[in-house]
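The following pair of complexes shares a single chain, chain A, combined with chain B in the former and chain C in the latter.
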Partner chain A sequence: MTQPVANTAVPQPGPLYRLQQKFASTSVAAKIVAGLLILVAWELGVTFFAPKFVARPTNIIAVFPDVITEPEFIEATLSTLFAVLQGLLIALVSGTIIGIAMGRVKVFDRLLNVYINGFYTMPMIAVLPLLTIWFGYEDSARLATIVFAAFFSIAINARDGARSVPPEYLEVARAYRARQRDVWFDITFMSSLPYLVAGFRLAAGRALVGAVIAEFFVSLPGLGMYILSHTRSFAHNEAVVGVLMLAAFGLLFEATMNGVMRRFFPWYRREDRKD
Partner chain B sequence: MSQAASNLVHTVSGTGTSADDPSSAPTRIAISGAGKKYGELQVFKDINLTFGNGEIVTVVGPSGCGKTTLLRCIDGLIPLSEGEVKIEGSPINGPREGVAMVFQHFGLFPWKTVYQNVAYGLKLARHPAAEIKEKVPYFINLVGLSGFETAFPYQLSGGMQQRCGLARALAMEPHVLLMDEPFAAVDAQTREILQFELLKIWELRPLTMVFVTHSIEEAVLMGHRVVVLKGRPSGVHEVIDVDLPAPRDRGTLGHPRFTEVREHVWSTLMDEVRAAEFEV
Partner chain C sequence: MLNLINSDKRWVRWATFAAGLLLGLVIWEIVGWSFNPAFMAPFIGGDGHPGAGTRLVAFFGDEEFIDSFASSARLFATGFAIAVVTAIPFGILLARLTWLRISLESYILVLYVTPMVALIPFILSIMGFGFWPKVLVVVLFAFFPILYNTLEGARSVKPELLEVARSFRTSELAIWRDVLIPYTLPFALTGVRQALGRALVGMIAAEFFLSTSGLGEELMVASRNFNMASVLATIILVTVIGVILMRLAQSLEQRFAAWRGIEQ
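After this line comes the complex of A and B, so read on.
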């Protein structure tokens, strides 16, 4: 029955609040300071409490230049990156088409919705053994896993977007005698875009997971495999560089998405800034 | 009269010159025996109205009496349950050329710039690119949005958004403009400015306007006639001639006749509003 003491609805503009504001408007310098603090904590934690083979920042930094110039590592990175991009592209095109069709055509929705939702919630690792047998222990098994991982979140979001096209837009289109084709490509697609972007973001994360897991299973020369083999041979610092590269993929993806949206869809996300 | 017109004009072309000539076809829109049902709900019934060439008719009535529904039926967005609407003599069974609508919800596409929104109808109607390039800036200028061609709707105020919606409709160069509470969502000052600008635009190119509004002042200021819808299901309760001198402008508001007509419309409507209040 204890009441939280300092928790008021309106933040008081005290010194703490101002500090918070300062960090909310994150300068790059503040981010770097935060990163350095994490590294120091990690280094100290490992030094005092962990066995010798646990990776620590100083050791990782020491191997970093060698690893990222090593042909094996570069090959692994490119292999995973291209597989993910390829799989995402396939999932994006097919998921968008099928999702929008489900959202706008009742029959499709009735037929497919159960399966799409079912597969979406099912952990993809469960089908991986099957995929490896069906597609063989090669690249195509990894690609299939990535597509499988990414497809459903894209389709589900595209469906939701297409279903929530504001009726006002459709009314205007009809009043100006838009043809069916124009309604699909202009109104339905464009007003679903925020949903498509959300689905694609989700799908990118899942695709990366799918790629790494597939590499664990199939032993393809990708980052997942690189991390696994270096972990097993106790080259933990090298393995961590692989992990960091995967994290960099995520950041790269976000930056690219933001750039693309700003460049090609400048109206996107601006609506909620009206007041 | 409308009978004769319907017999004469059977070409689908919305640009028939005979229809532009007031002497041969003074009736632009003829509504006869119109009724609309949504399932069990009879919204209005037995509406008979004719709108002349270049006439501004305003429609007032309590909320929910079917004003928007009536406009949708005139535009052909939804079908009537009974009766028919004829525009330039031919029955309406879908949106057609020569008729444009301005929506209460603006209906601008957030992913299109002002220019692209205004060009929307022209593009769909496959007007030649050169013509679009010429017309769009003209109408953007007409509604006072020059300089905002590349702005997106989120960058516009409510009044500017409605100007954009108006330009999009005007760019079609319609003979009939249907307006559903176009200024309801803008502030009082902007509303007044827009009203007088619309009147000026109408002076430039007089077209038939059906103007739905909640504001009695606006109805009397803009309308050559005011149609009062009333009842449940609603019907035309009264059609009031507004015999105010042209052109309508700020001076109209001070005209003694303006006050008289406004009071008349007000008391006609208020009976209904009071009755509705007691019903609830």
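After this line comes the complex of A and C, so read on.
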């Protein structure tokens, strides 16, 4: 039986990990049948009750190869992906520094905590008009949205991670007169890594949403814009491929993070709840 | 001095916290005054530099703004209520029908991680402008966090309890009332808390991208007119509403948390 941990984000396996577990452990047949039933219901529902342009599975499959080889689609995907990665990198570096500083230095924590938490709760979509005024209707507005979306969850988790450093480690380090640099990098940073991974996972999802919203709002070339312009011209099947691409990014990212967690921090894997 | 700052005395903590708030406000005020009012507004403000805080207070006497607020509130309440009354019973039903839960849960997880914003253009194109498409957006944003968490609860219902209930020929109603609901409700409330934040985003997204109305419209119009005081005031208002709703949900969640038992 584990001790209840108060209010801190304990890194835990994400939805995809559970999904993999489920696929491995329970009857796959039931899932496949249910999936097929959903697809059939979608197909029939659209055929009989919806206008012709509405997407349905058979048409999506038909357009799928064309869309993913289309230069416009590839360009849009790369544009969004690149912006998300760039924004995540900025947020990761700055968020980690500020978060760890807050976790280890009490004054920073007391001064900044209210702001970090406040901005974290702020719906990022409401900040969008502000960011477009400050950064103009161009790429940098999208980048700013992504950084804003990602920064605060990384900082909050880095803070929790730095606070979770076992005090004995720090005492031992002091007893052996370890250098200040080693205390920061080898002890504080290393032991907050799992929290950083958890924060990064959360941030990545938010960053993707931020990128799409910014593209809608600022009309930048990217996956969000691809979806928007194709639904506007009633090419819903092509647009659905864009949505699938977004979902795939989300799942791919989850899978990578789970792999990292399992490979490098196997001791942090929490036991799955028994069914 | 350093010892005093780092001490854990209550008044030191509060003093640092207050100093942080004050420092933030002072910086905001200075930044606000030193930029063009079309670019940044101070908090209190004055001649030529309208302040965001002052505007926020003025909003409460502005009838047009109160109308927008009411329209947003109606959208949010309708969408959220629909999400709650559909997702929770569905989640509990999944606790009762294990085969249905096993076959559907993977798909629910996939939908939970899919960014719902990407579906807004489809809703616009299929359903057009009006009140109900916007409600649908809010419902979509709120539905899956609630369902996903209720599902977690559904998985935690012990099969032995259902077996015992069955062997004592318990009525269906009693099973729901005494086993299923107490087990899943605390989890559902966690979902409700998560969903509040998402539904707020959904509400503003719907008001931006579908027919503009409510607080979203206020934000749009203010930003088009470079009325920074109003933009900032509306953002503060939305954030404060979010924080208040989240706190309410949290206290509700804590009230029922005991039902989760020792395992949690």
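Heads up, the rule we're going with is that the second predicted complex is superposed on the first by the 211 of 275 C-alpha atoms of A that agree within 3 Å, B and C clash if a C-alpha of one lies under 4 Å from a C-alpha of the other, contacts with A are read in each partner's own complex, and residues count from 1 in each chain.
Simple rule for what comes next: a contact is a pair of C-beta atoms (placed from the backbone, for glycine too) under 8 Å apart; a residue touches a chain by one contact, two chains touch by 3 or more.
All values derive from a computational prediction rather than experimental measurement.
Participant: With both complexes overlaid on chain A, does A:R177 touch chain B (first), chain C (second), both or neither?
Facilitator: The first partner, chain B, only.
Participant: After the superposition on A, what does A:T69 contact: first (chain B), second (chain C), both or neither?
Facilitator: Touch status of A:T69: no partner.
Participant: Who does A:L246 touch here: chain B (first), chain C (second), both, or neither?
Facilitator: Only chain C; A:L246 stays clear of chain B.
Participant: Taking the superposition as given, does A:G35 touch the first partner, chain B, the second, chain C, both, or neither?
Facilitator: The second partner, chain C, only.
Participant: Applying the document's definition of touching, compare chain B and chain C: which contacts more of chain A?
Facilitator: So, of the two partners, C touches more residues of chain A.
Participant: Show which residues of chain A both chain B and chain C reach, each in its own complex.
Facilitator: Residues 273 of chain A touch both chain B and chain C.
Participant: Contact residues on chain A for chain B in the complex?
Facilitator: Touch list, chain A to chain B: 168-169, 171-172, 174-179, 182, 186-187, 190-191, 193, 265-268, 270-271, 273-274.
Participant: Touching residues of chain C toward chain A in the complex: what are they?
Facilitator: The touching residues are 5-6, 8, 13, 16-17, 19-21, 23-24, 38-39, 99, 102-107, 109-110, 112-115, 117-122, 124-126, 148, 152, 155-156, 197, 200-201, 204-205, 208-209, 219-220, 222-223, 226, 228, 231-232, 234-235, 238-239, 242-243, 246, 262-264.
Participant: Quick one: in the complex, what on chain B touches chain A?
Facilitator: These residues of chain B touch chain A: 75, 77, 94-97, 100-101, 103, 105, 107, 109-111, 120-121, 124-125, 152-155, 172.
Participant: Considering only the defined contacts, which chain A positions touch chain C in the complex?
Facilitator: Residues 1, 4, 15-16, 18-19, 22-23, 26-27, 30-31, 33-35, 38, 50-51, 53-55, 106-107, 110-112, 114-115, 118, 121-130, 132-134, 205, 208-209, 212-213, 216-217, 224, 227-228, 231-232, 234, 236, 239, 242-243, 246-247, 250-251, 254, 273, 275.
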